[in-house]
Structure formats: C-alpha cells, structure tokens
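Common to both upcoming complexes is chain A, partnered first by chain B, then by chain C.
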Partner chain A sequence: MTLEQIIFLIIAVVILLASLFVVTAPKMIHAALWLILALAGVAVIFVLLQAPFFAVVQVIVYIGAIAVLFIFAVMLTRKAMQDTGSQLNRYSILAAVICIMIFGALTGMLLSWGGSATLLESGALPADSIADLGVALTDPNGFLLPFEVASILLLAALIGAIYIGRDRSSGEGEQ
Partner chain B sequence: MDFLTDPVTFISQWVQQLLINLGIPEITAAQILPGVGAVILPLLAMLWVIFLIWYERKIIGRLQDRPGPNRVGPFGLFQPFADMAKIFTKEHITPTGADKVPYNLAPILAVGGVLGMWAVVPFSATVFGIDINVGALYIIAVGSIGTLGIIFAGYASNNKYAMLGAFRVVAQLISYEIPMVLALLVPVLLSRSMGMNSIVQAQPVWFLVVAPLPALLFFISSIAEVGRSPFDLAEAESEIVAGFNIEYSGLKFGMFFVGEFLHAFTNALIFTALFLGGWQGPGAEQYPILGFVYFILKTLVVHFLGIAIRGSMPRFRIDQVMQLNWKIFTPIALLSLCSAALVEKLAAGAGDLVRISLHVAANLVIFGVVILVGTKSLKERNARLDDLAASHRSAIHLVLGTPHDA
Partner chain C sequence: MIPLSWYLILAAAMVCIGLFGVIARRNAIAMLLSVELILNAVNINLLAFWRYVDVVHAAGQVFVVMVITAAAAEVAVGLAIIIAVYRKQKTIVTDDVSDLKG
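Now for the complex of A and B:
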C-alpha cells in the first residue's frame, strides 16, 4: 500500500464516522461540529486527487461559510445547549426501510456496473487546470449555460431570502 | 549557492547532503526536509510574536504619550519574556457547563489558522513554504479556520457575553471576507496567477500603484478580519465585558492574543506580498537575503500603519461596521474588480505605461464617484436628522412651554 492509499483509508473512515455522528449527535451544535470534520475530510480527498482548487474552495465555501452559518443558526435557537426527548418519531421504521432499499439499489447498480473494479488510467493532468476550469465555465461550448442557470437560481434564492426576511409590520422604506 | 547570499537554501542543501551521506535514500531525504521546514517555520513565527508584542506595546505607548514597556532589559525588550513566564504559571479554569472539546480546541484553531497562512508566504526569491497554484485563495480558506476557533470559544464557554461576542465576530468576519476576497482578486487578475510567488514576480511596478483602491480596501478589510480597533467589537469591554474569550484563563487566554498579534502581522506580510512587491527590490534576485530584508522592512511599515490606526481610532458601532461593509466596501470592490478586468482586456496590446495609467485613471474615476455619492447621501442624511431634531425640539417646547435654546 502506498502512503496515499493509507491516508485515503484513514480519511474515509473519519468522513464516514463523522457523517454518522452528524445524524446521531443528540445536541444540534455537535452535529454541526461533526459536519465540519466530515467536510474537512472531503477537502483532504480533493487534495489527494490533486485538485487543490477544489480543496481550497471546499474549505472556503463549506467550512468557512456554510458550516459557520449552520452554527450561527443553531446558536440562535432556544435549544442550542441541550436537546431532550427522543430523536426518533413514529415514521422511523418506515424511513429506515426506505433508506435500506435505496442503499441496496445503489449498491446493486454500482456492483453490476463493474467500472469501480477497474483502475482508471492516470492521464496527464493539465498544467493549469484552474485556467481550463475558468475557460470552461465561460465558454458557450462548455458549461456557460448551466453556470448561468445556477447563478439565476442563487439570485432567486437571495431575493426570496430578502423577501422573507423583510419586516412587513413596519412601514415601507424603514430599515 | 553562497551562505551569505542565500543562507536558508545553503543550509537545507547541506542538511540534505548530510542525510544522503548518512545512507538515507535521496527521495526520503527530499521528503524529510519539507517536514523539518514545516516544524521550524511555525516555531519561528511563534517566537517572532514575542518581538511583535514588544513592538506593538512600545508604539501604542508612544502614541498615547507614555514610554511603554521600559523596565525589563534594554528598551523593555525582555518584558514579553516576563509576561510569558507569568502566563505559563497561571491556572487553567474550565467553566461549569462548558463543552470540553470545542472549548479546548478553540485556542488551538485560533493560532493554527494564522500559522497555516505562513505556508504560502514567499519570504524571498528562494525561501517559501510551498508554492501552490491557489495560494491567494488558500490564505482566505485558512483564515476562515481562525473564525471557527472564535465561534467554538463563544459557544463552548457557556457564557452569554462570550456568545454575544461570537455572534458579532461571525457577522463581522463573514461580511468583511467579501470585499477582502474581491480586492485580492485584483492582484490575481493583474498577475494572471493565484500563486503567491508568481504574484510577487509580476510586480516590477507595485500593485499598490496600479490598483490603489483595492489595496486600500484589502488593508482595511484585513484589519476588520483580525478584529482590531476600530473593528474590535468582539471584545468591547464596555458592552460585553470581554467578548468571546471571557471564560479563558492562563495560556489558553494567551493563545488568543498570540493568534491576534500574529494575524495582524501576517496580514501585513500578505498585503506586502500582494501589493508592495513582496521581496522585490534592487539586487533581490541575485542576493535572496536582500529580498528577505526588503520584505520584512516593507511589512514592518505596513504593520506600523495598522498599529497606528489601532492606537488612534475609536471603536465603530456594530451597525456602522455593517454599513461600511455592505453599502460602501462591497460595491467599491465589485466596481474596481470589474474595471480592472475591463482595462486589462482593453489595454491587452498596449504598452505597460498605457496599461498602468489606464488602471490608475479607472481607480481615480471610481474614487471620485464614491466621494460624490458619499457626500450627497451624507448631506441628505444630515438634513433628515436635522428635521428629526427640529420636530423633537418643537415637541419638547410644546410640553415644557418655554424654549431653552433660542
């Protein structure tokens, strides 16, 4: 086993355990902290794949912004410090059955695919992959349309958030 | 390689040769050296903080018309050592109801996040931790880990004031990251690279000259990112006692301050690398040690500016901090980024002189527009406030009968 594979296995275990704790942690804030660990693990996977740009973006966007906002939101709730009562509701068995079915279906599909057993040829990485990414995102023959559609989606979400967040009880034009 | 012109490279090559002579294979030796460097660089950074504390206390003292530390050693140079010995002996107290793991992780993250930035700082033409092609973004990413440390501290302390301090920090740091990243994109755009070394090498003309407005935005936003005066809302003593670090004691408390002092200096390092040409200067290519000297001198000047601002500005209110960011900095940063991209495209074929003067002209136009719009809205706001005050006065007169002021 190479060093890379050992690191990958360790990180994979960390990500899986952290993800498990995200859903089982009794305190909401602990779930958010475990989520940060899982996201950091994914950043390490990106580094192992020689994609430093994605690793850095993963840290900036997911850990630096999204996870921090999660914690922020959780701290604003009343039950930030404690969480009592059962974590399961009456649909838990149904949910478990559906999850197992989906997991089984996905596993079956991946096993029958066979592509996961063969190693990819390690092709030469482009010298400047970031420049290629930038060109691809703004090239009409590349991903220009999906990129712009995603931007419009985010803009819509932004406007929606402002609309919900506005205080309508006070008069117009007030801050 | 000569020892006098480039000591670090000389020593590292000597050590590598020594390891090979000891019978260690060359590949392993090449892997050991970066590891050794990764231990030495943070250690030096932490030791450097001792000097920084003295430097900052001395300057703040002079600004406030007092001598500053002057008892222990020459010019009070050994004062930080005495303080360090004291803080090492202090008791560690963990408050009741604290969340142990995040509570103890917080000071580590606060310092670790800053030390991480040193990995990509190019100290001279040959001495740098690592030259990754996303260096500029990496700095922002690692910086956000320090924010996490402060949030952990605020949440895990089980204290209302700590929590309030953490809320303020989150609001402030996430907001100021936006103009900071946008301003940082201008040097990236001008040098066509995100690697810190290529950004420095692309600056025969300092980017401070080419893009003064983004430089100013980056400088002020980086002060806000450290959370120092006038942006020190996270530890406003008069409002929230001490902020996020209220429940910490001993060395854990000290670690937050090591993190803060080091972060301020690191931001000066990064500002120098991005806008002041880093190690560039006469003879820096031939004699890398000269480049290192230039780099540190420039950085100390930038750092001095930061300290002078810290020592002379009163604290902003939280709404002022947010307004400054969202209504002034973010639009200017967006405008200057767009104009920089436009000018680069328009002046692609022209000479350097034309290109640079176009950049400066664009910056001046944006600055003029900002001043015009700013004065106009300020006048309107003052008029509104005057109206409000007048109506209040007349209401008071109605109640009291006689006007007190004519």
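Now for the complex of A and C:
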C-alpha cells in the first residue's frame, strides 16, 4: 500500500458515506451539508488525478456556488416538508435493490475488463496541461464551438431561471 | 500506484447512490442533490480516463468543463422551477405535484 492508495481509500470511504447520508438524511439542510463533504472529497480525488485546475473549479463552482444555491433553496422551502416524516417514497426498497444490482453489474464488468488494471506510467503528464486545456477551448479546430454553445447554455439558463423564478402574482416588481 | 479500476468503481458506487436518491427521495431538492452526485461521478470517470488513457489530448478535460457548465445550468433552472412550484402549491413533494396544468 502506497501513501496515494491509503489517501484514495480514506477519501473514497468519506465520499461514499457522505453520499449515503445525502440520500438518506431526514433533514434537507443536513443532506445539503453532506453533499458539500462529498464534493470536497471529489476535489481531493481530482488532486490525486493530477488535475489541480479541476480541484479548484470543484471548490469554487460546486462548493462555492451550487451548494450555496442548494442551501438557499432548502431554507426558502423550509416549511414545505415536515422534517420528521419519511423522506423516501414507497418504491425505496425496490430502488435500493435495483441500484445494488446495477452497482454489482458495473463492478463485475469493470473487473472483467482488461484495461481496468491500467497503472499510471510516471512522468507522462504534459508540463502545462492547463495551458493545453485553454488552447483546446479556444482553438477553432478544437473545442471552440462547444465552448461557445456552453456559454449560450449558461445565458439561456440564467434568463430561464429569472423568468421562472419571477413572482407573477404581484405586479410590482415587473418592468 | 492506484489502478484505474479503483476510480471507476468509486464512480460506479456514487452513480448508484445518486440513482437511488433520484428514484426514492420524495423531496424535489433532494432529487437535485442526488443528480449532483451522479454528475460528480461522471467527472471522476472522465478525468480518470483522461489521466490514464489519453493524457496528451485535452478532450477529457474539455468534457469535464462541459459537464460542470451543464450542472450549473441545471441547478439554476431546477431550483427556480422548484421555488416557483413551492410558491404556487406550497409543496415540493414530487408525489403531490402531479399536475402540469399551471
């Protein structure tokens, strides 16, 4: 067991436990906080994968923006669900069985696949993978079009969120 | 060194937990939380394959950028819909919000 493997296993256990609490926590605010722990664990996994840029993006975008948005939404809809009642619907047993079966099938498939034991050859990482990413995102022969489409998607989501979330019952705030 | 399969199995477990949350949770916000778990598992897979199989090209990283963008857009619109539904019907339990007739 190398140090990297030990770190990976600890982080994996943390992520999986936090994920389980996200889907089973009776209080929504607790589920949102457990999600933050899971996302932070994923950021550590990105560091282990030698993608520090995405670890930072994970912290800024997911923990900084998305998780805070979730916490806002949970607080805005606080009285919507009593925190005491069952949080799972009547299909939860069936859903658990199906999910465990899918996990078993995926794991069996991955273990039987020859490429899954691939080890990292050391020193294969390009020196400036972040610069490569930047060039690829703005290169017309690379991913310029998906990049622009993603920006349009963000703009459309922004406008859509404002339009949907607007309070139409009171005409005061409308332009 | 860590074999590639460890990352893939971790991501598979995260996807399955997230899938369970999407199917079984009654609260709409909890379903969106579970979708975030699934998208993060996808990101782990994409970066693992980028690092282990094709580190020369940036395609794996670009896909992660796209997934994060789509996740941000999805959360913004999803939470706006949930809050709009809550304002109208005073509930975010998905079983009770069964009519789409405005």
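In this section, the second predicted complex is superposed on the first by the 145 of 175 C-alpha atoms of A that agree within 3 Å, B and C clash if a C-alpha of one lies under 4 Å from a C-alpha of the other, contacts with A are read in each partner's own complex, and residues count from 1 in each chain.
Everything that follows uses one rule, which is that a contact is a pair of C-beta atoms (placed from the backbone, for glycine too) under 8 Å apart; a residue touches a chain by one contact, two chains touch by 3 or more.
Just so it is clear, the structure is predicted and the values come from calculations on it, not from any experiment.
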item	value
Combined model on chain A where chain B meets chain C, clash or fit	fit
Which of chain B and chain C A:Ala31 touches, first, second, both or neither	second
First (chain B), second (chain C), both or neither touched by A:Gly115	second
Touching partner for A:Glu148 - first (chain B), second (chain C), both, neither	neither
Chain B versus chain C as contact partner of A:Met75, first or second or both or neither	first
Partner chain in contact with A:Leu49 - chain B first, chain C second, else both or neither	second
Residues of chain A touched, compared between chain B and chain C (which is higher)	C
Contacts of A:Ala65 with chain B and chain C, given as first, second, both or neither	both
Minimum Cα separation, chain C to chain B, after superposition on A (Å)	14
Common ground on chain A, meaning residues reached by chain C in one complex and by chain B in the other	53, 57, 65, 69, 72, 80-81
Residue numbers on chain C that touch chain A, as the complex places them	1-10, 12-21, 23-27, 29-30, 32-34, 36-37, 40, 43-44, 47-48, 50-53, 55-59, 61-62, 64-66, 68-77, 79-84, 86-87, 90-95
Chain C-facing residues of chain A, complex	2, 4-5, 8, 12, 15-16, 19-20, 22-23, 28, 31-32, 35, 38-39, 42, 45-46, 48-51, 53-54, 57-58, 61-62, 65-66, 69-70, 72-74, 76-77, 80-81, 86-89, 91-92, 95-96, 98-100, 102-103, 106-107, 110-111, 115-120, 122, 124-126, 129, 132-133, 135-137, 142-143, 146-147, 150, 153-154, 156-158, 160-162, 164-165, 167, 169
Interface residues, chain A side, partner chain B - complex	29, 33, 36, 52-53, 56-57, 59-60, 63-65, 67-69, 71-72, 75, 80-81, 128, 130
Residue ranges of chain B touching chain A (in the complex, touch as defined)	97, 99, 102, 132-134, 137-138, 140-145, 147-148, 151-152, 154-155, 158, 163, 166-167, 170, 174, 177, 194
